[in-house]
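Given below, in the form of structure tokens, are the structures.
Across the two complexes that follow, subunit A remains constant while its partner is subunit B and subsequently subunit C.
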Partner chain A sequence: MSDLDDFKATYFDECSELLTELEEQFAVIEEGERGADRLNAVFRAIHSIKGGAGAFGFTALVGFAHAYETLLDYVRDGRIELTDDVVVLCIRANDIVADHVNAAQTGEALPADYGAEEKARFDALARGETASDSVEEDELDGEMVEEFDLDFTPVMVNLDAPKPTGEAPVEDVFDDAPMMAAEGQWEIRFTPHRALYARANDPLLLFRELAALGKMNVRAILSDVPPLSDFEPFGVYCTWEITLVAPGLGEDAIREVFEFVEGDCDIIIAQAGTVPGLVSDESEMAADVSAEAATDEPDLSSLLALTEEEVAAPVEPVVPPAAFAPEPPAAEIGPQDSFDEAPADLSFAALAAEIAPAPAPAPKVDKPAPVAASAPVAKPAVPTGGGESEEGTGRSVGVQSIRVDLDKVDRVVNMVGELVITQSMLTQQMDETLRARYTELVRGLEVLAQTTRGLQDSVMAIRAQPVKSVFSRMPRLARELATKTGKKIKLETIGENTEIDKTVIEQLSDPLTHMIRNSADHGIESPEKRLAAGKPESGTIRLSAEQAGGNILIIVEDDGAGINRERVLGLARDKGIVAPDITPTDEQIDQLIFAPGFSTAEAVSDISGRGVGMDVVLSNIKKIGGSVHVRSWPGRGTRMTLRLPLTLAVLDVMLVKVGGGPYVVPLSSIVETMQCSRAAFERVPSGGRVLQVRGEYVQVIDLAQRFELSSQQNPDDQFVVLCEAEGNQKVALVVDDIIGQQQVVIKSLEENFESVDGIAGGTILGDGNVALIVDVQGLRTSPIHQNAA
Partner chain B sequence: MEALSLRDDMSDKTAVAGQNTLQLIAFSIGEQTYGVEITTVREIRAWNGATPLPNTREFVRGVINLRGTIVPIFDLRARFGDGQTSPTKNHVVVVMSVGDKWVGILVDAVSDILTVNRDDIHNVPEGNSIDTELLNGIVTHDSRMVGLIDLHAVVSGAKMDG
Partner chain C sequence: MTLRVLTVDDSRTILAMLHHTLSNAGFEVLQAEDGKQGLDVLRSQDVDVVITDINMPVMDGIEFIKNVRATGQHNSLPILILTTETSQDKRDQGKAAGGTGWIVKPFDPEKLISVINRVVH
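For the complex of A and B:
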């Protein structure tokens, strides 16, 4: 039971990877690159998802994936042209598959007809393109979805069966036979190896693809079927010979059908027209067939004679139920057999001889038995799952990786974090006298410092992941938003290979979703408005990631209308977020969209500005030690910048003293430190203070005052830490003393408490005491909130 | 002496502690005794200072490092509105789990482990909302009143503006 759960978990892991790959492939396909490789990758991904889904009995997913797969199959073999419409449909289908996977994972039920519309469109497409033999196709399609997987009992039933739809099989053979002599006639001998079945490939699929290329006749060669006593359950005893009449068809097209099983089978393809002997023999053979077919009974008996009566027994019962073989089985077996025995089976025999060393032929006569016995859906899919994963490993040759439980990595990361701190604590203990006396100890500490740094970097690299894993979910969101809002939205992503700590990435999904939704909802205008404003009809949302020093910047930018500051400010005043007597700057107004309480449910419907759950963005980002900044240009767009720490584990900080207690300021935000007198602080009308630093006035934040501590410092001898907040805005933090630089491990306050204004978290110092991390950005923007409170 | 009585209680009461009984850790603030269910208590440690948290109510004494995790400390006396405790080394922090969080409560001393019958828990008299908010009930032990602390209530509303 728990094993199954493990498998399921692995399956869902794989699904999410495969879905990501689908997104990637379609991102390229959408741009016009429509190579066979792409389609094959897509096909493989869907096939793998379907396979596993079958194994776990996710029938809805199997059903949909199967229909989708069929469409892809048709697209791949060129029966359906990959037009833009089809691409859009496929992308939609990916989303539906994703939903199905998600539903299967969470156990939620989707509406029964979920995706039915798309499924119908697949069928319509398939039908439309194959109008010539639409009856047959319909028949096939109908069956494929429901029965194909379930009932396929790969008895050597010739595929002619489904084609003539059981009306007059024998005649059909007759009809085909003369035509075969015509040009464009191909002879194919297909000898699967055991590996082909082991990888869950299915000859029927291949035959069906072939059938789509032209008129086809398939014969199973049963001469290698051993007596039942020698029957090996997983043995492969059947070979097929296919005659395909398709004027103008190239060998490549046929090869392509077998592309996936190349190496797992022997294939001989010969053009009947080019080999004179073959054609005549073929027609002769056809005559034979007809002759034999006319006398089915003796034919059957000759088959039985050839094989063993026991074989015939298991074979026969399986045949009739097969959905695609309505005719009496004897009729089919007849012709194949006759072909086999036909003295004139030269060309194939000769050709086969060449590749004879390959073991092989013959069927899964065995397989059907167990299949039929067990649950119909699950059965064929089980091998599929296994087969695909093999394929998966085959693909990723070169990059070897293991799956490790994240908890284990985290434990290492935490320990390395503590180690780094212990190491820096040790280093601090070394004073000059000690240094002079114990040179060996000093050297040892230096090596230790280096090694710890290296260890830390390596461990961090283990957890680092490209932001792609989050970014790749966004195109879908943008599409859905475009549909919902009726706007045209283009999503561009840049720098998706930028790597960030996995824990940061996990926290990124929600904020990004909110930000993009916000941009689409409120930023991008309707097509008409955009055209009126002289902008391109479709709006662009650009999602980019880049590394800037010890930070990662994630920027969501749109070319929409910008923030409607009047309304935002009005609303903020109504809600008491901004006191009436305060006039915030434009920039401060922009930041208001992140204010808690601003973006309540009412706000969403009330304002044409922004504010869909944006405080979630702020709180999520703050939680991981990041900050958010928004900048808007009326009529031209909005840019939201997330500044995230590269890693959460260790932070370089400046240790300062405020009101007698230690506080730390992230080094990444510090520009410089200086010493100055309080007299240098100038007063501005709001009651705040500013300080002139090299010709620039910056806001002064007295930490002791803000934290309601009593400064123990002589006012004339104050230290100032000049920090840079978002948007290149500088702030001067007034502290009592500067102790020094250090590395710390960030600890969450929220784990056992709650977030505290102006504090980004806590950390544990070398002496075991807790020091608080100053939230520079939070301090800078909080006065507005405070005055309101 | 304290320890002795504690052990006595343990030995003869745990054996009889059945389904309908409740074990409490009793601690004192001034003359008054309060109790919390023993299963919520994680650790009892001496007061060793705490890093004050800005912008919080006076009953939040700050945070301490409990083996690598940051745990907030609540001053129970201040929570009851009697002003901040002036803690010494003899004061005690009772670390408890409230939901999935760990919190510390600063009290004057831990006095006893009590086993009480659930049926003997009295309601808190209506009247003062602070009492009904912060206490779950009242039991009598040795003819003295023991107030059962409602931990969720004690740790809520810690923020200045909250």
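For the complex of A and C:
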């Protein structure tokens, strides 16, 4: 994978987080809460998406995000009012951004004008406010002219747009270039303001950069240094006059050097000879040093040194004030060889060595320039790039979370899972005699059990995430569905901070999407029908999550018409899902919408658009060890409940024996176990059997019979595992024997074999045997296939 | 001598790209995800140059620069503003706060290094 691909992966990761954040923010904004924090967060999210998109050249995304960002910026600073219309536009824009991101990620092409309409609306909104926004340079221009009182138009450094890098050829320097107005010969007058130093800019660096452009000559003008009585310690009094000779050198290249200090200095740039007096003669100069790029080291430090006349004044005024500039003494300069690989850079180390004796190449020093002890000399130059000297590991400081590859976490989770199982296996091996004999060992095993449990909980907590990340995608879906169906739909979410295993969350998106589609399509009625039925015009879909014991319940409820049972049953019979001679209960009919191969005409045609029915929901949920239950109230609504395991890795189970083989029943669904005689099972007219438990009749499912195994168990001595399924419905599973509790690591049957009715998955026991996990809910709600006993 | 760059940006993408470019160029790279974290880094580490985004949660780039300069400890620390803004607004604000220069996103690696070299001794 290339670096770029890596960055892209990071970027798309980040985008999905940012898009989620946008959904969340707008969910609140939509309700009328429009605080500055929210608007800033929204702006930042779009800004970040745009920034990354620019780096990868996703131009369509950049274009759209930019227009949107501008709108948000104006909203943020109050230039545009955030009316409900604008909010709706923004929510639509979020969807478009999401689509652009998705298109960039998948490489699929969106129509060229995708989002053009919205973009036009942003532009229109923004335009209404920006007419007055314009140049601010006038004021500066005037100042310049006045101060210098020169009868020419000064050339201002214009920073409106980043200038292209003006690469000036430096190899071809004419040593004796004639001193007349000629292209490539420039005169610059440069007076820094104090602000320049306050922003950590440094004339020395500017000269260094100029020197790289051509043959440079710099003079420091100290005539502005006031009498000592008026002298300010932190005053800045120095002006520099620079001549720069470089054939073909354009003004842009010089401007670029001064790009960062625009406004923090007075600067005039002119072709040599075009502005009389711009660069002074010998009269008032303090120091004059020529610097030649590339070949010679310029004696820049002497620019900052003083001549005898100024010695009376403190040294500070002509140099960047101590508080503003770094001034390590020359002695601190690093070894010269550190610059060997950077010939284009000026070697200040060499410079320091040459300062005093100065046999420097062609330094035109009018007066000897004694180097003041405090003369600032630059720190050693920076590495110039391309070098691979350092490992360059970035350290993230002050960050309170780390990002870990999920694979790594999964490895830990798996190992902890196996550890848990090994531990319970060890405990099981300890029979009474051993326990009595090795008390220390027993104690050790107990501690091990505790620690293992703790370790397991901690690892699971790492993987746990709030369901918010999935829930937050649903409002968009609901909006789209409302638009497509012409219905009014309000989506409520509850309990979005409930945490579930990350893998479960990832698997949740598709089933939830289907369930909400189903509610919007089949549940919620049209506004007219609703009004006629005395219901509020807009239908409500409530999405909620809660923890219930070792499970998470995700509930999708609507206040629609409920399931049309007659129609569902009819369809199911037509498709052969329900045999003609069987009369299912209402509840069983409701579950039929999840039956494989069952999908009503509408489900195939419009909303879902994919031709897949609710059976996909069931198989997805089963894959992650969960179950689905639906309950409907005619005319009042439908409730679909997903019951999901808190964690996928390890399941607490009851190990039972059926037909001589091991089976496990999830502990979370077991209410109690009991022993009874088959005679206690009573037949009911539909052909099934029930067991009376404390006055309540419970459906009996004989697992041996159900799985077509032969039970060797004495009919008078049956074990019954009483389980609770969805909707507090109990079911009595008849097994041959109950072995005990333990923990198992779930292995998917779908992945390793195929989906089996009544079985939720498989597991490998401590002794190496494979045991199947009984799907209690599945057994109870698929009695249609079951023959009467 | 390895120069140390503190990069401050709330975008992981940008941090990753800066890190890649800068460490390839021989810089040591420190990272922070907002201005507050950036200040924390500066309190405990010596840094030669700072590259900061403007729009960040918790503490934005402008506040960050102001705070850095306000400490008085970092008056000569070059701070480059990382900006996608094509308008000059943000740059001006950044400069007014004490920013040394700026880098326009998306940056190309050479340009990035040359801008850093422009402001670092």
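Quick notes
To be clear about the criterion, the second predicted complex is superposed on the first by the 497 of 789 C-alpha atoms of A that agree within 3 Å, B and C clash if a C-alpha of one lies under 4 Å from a C-alpha of the other, contacts with A are read in each partner's own complex, and residues count from 1 in each chain.
Simple rule for what comes next: a contact is a pair of C-beta atoms (placed from the backbone, for glycine too) under 8 Å apart; a residue touches a chain by one contact, two chains touch by 3 or more.
A quick note: this is a predicted structure, and the numbers were derived from the prediction, not measured.
In the superposition on chain A, contact is made by A:S48 with subunit C only, not with subunit B.
Looking at the shared chain after the overlay, A:E209 reaches subunit C, while subunit B stays out of its contact range.
Residue contacts after overlaying the shared chain place A:D6 against subunit C, while subunit B stays out of touching range. Within the superposed three-chain model, A:E259 lies in touch with subunit C and out of touch with subunit B [touch as defined at top].
In the superposed pair of complexes, A:E14 makes contact with subunit C only, with no contact to subunit B.
Taking subunit A as the reference, the larger set of touched residues comes from C, when subunit B and subunit C are compared.
Judged by the touch definition given at the top, the superposed model places A:R199 against subunit C, while subunit B stays out of reach. By the touch criterion defined above, A:N769 reaches subunit B but does not reach subunit C. Contacts of A:V690 after superposition on the shared chain: neither subunit B nor subunit C is touched.
The touching residues of subunit A, when paired with subunit C in their complex, are 3, 6-7, 10-11, 13-14, 40-41, 43-44, 47-48, 50-52, 54-55, 57, 159-162, 165, 197-202, 204-205, 209, 257, 259-260, 263-264, 323-326, 334, 338, 345, 348, 378-399. By the touch criterion stated above, subunit B contacts subunit A in their complex at residues 49-56, 62-65, 68-72, 101-103, 158-161.
Per the touch definition, subunit C reaches subunit A in the complex via residues 1-3, 7, 10-17, 19-20, 22-33, 36-37, 40-41, 44-45, 48, 55-57, 69, 72, 75-79, 84, 86, 88, 91, 95, 98-102, 104-106, 109-111, 113-114, 116-121.
Residues 418, 661-662, 706-709, 747-749, 751-754, 756-759, 762, 764, 768-772, 789 of subunit A touch subunit B in their complex.
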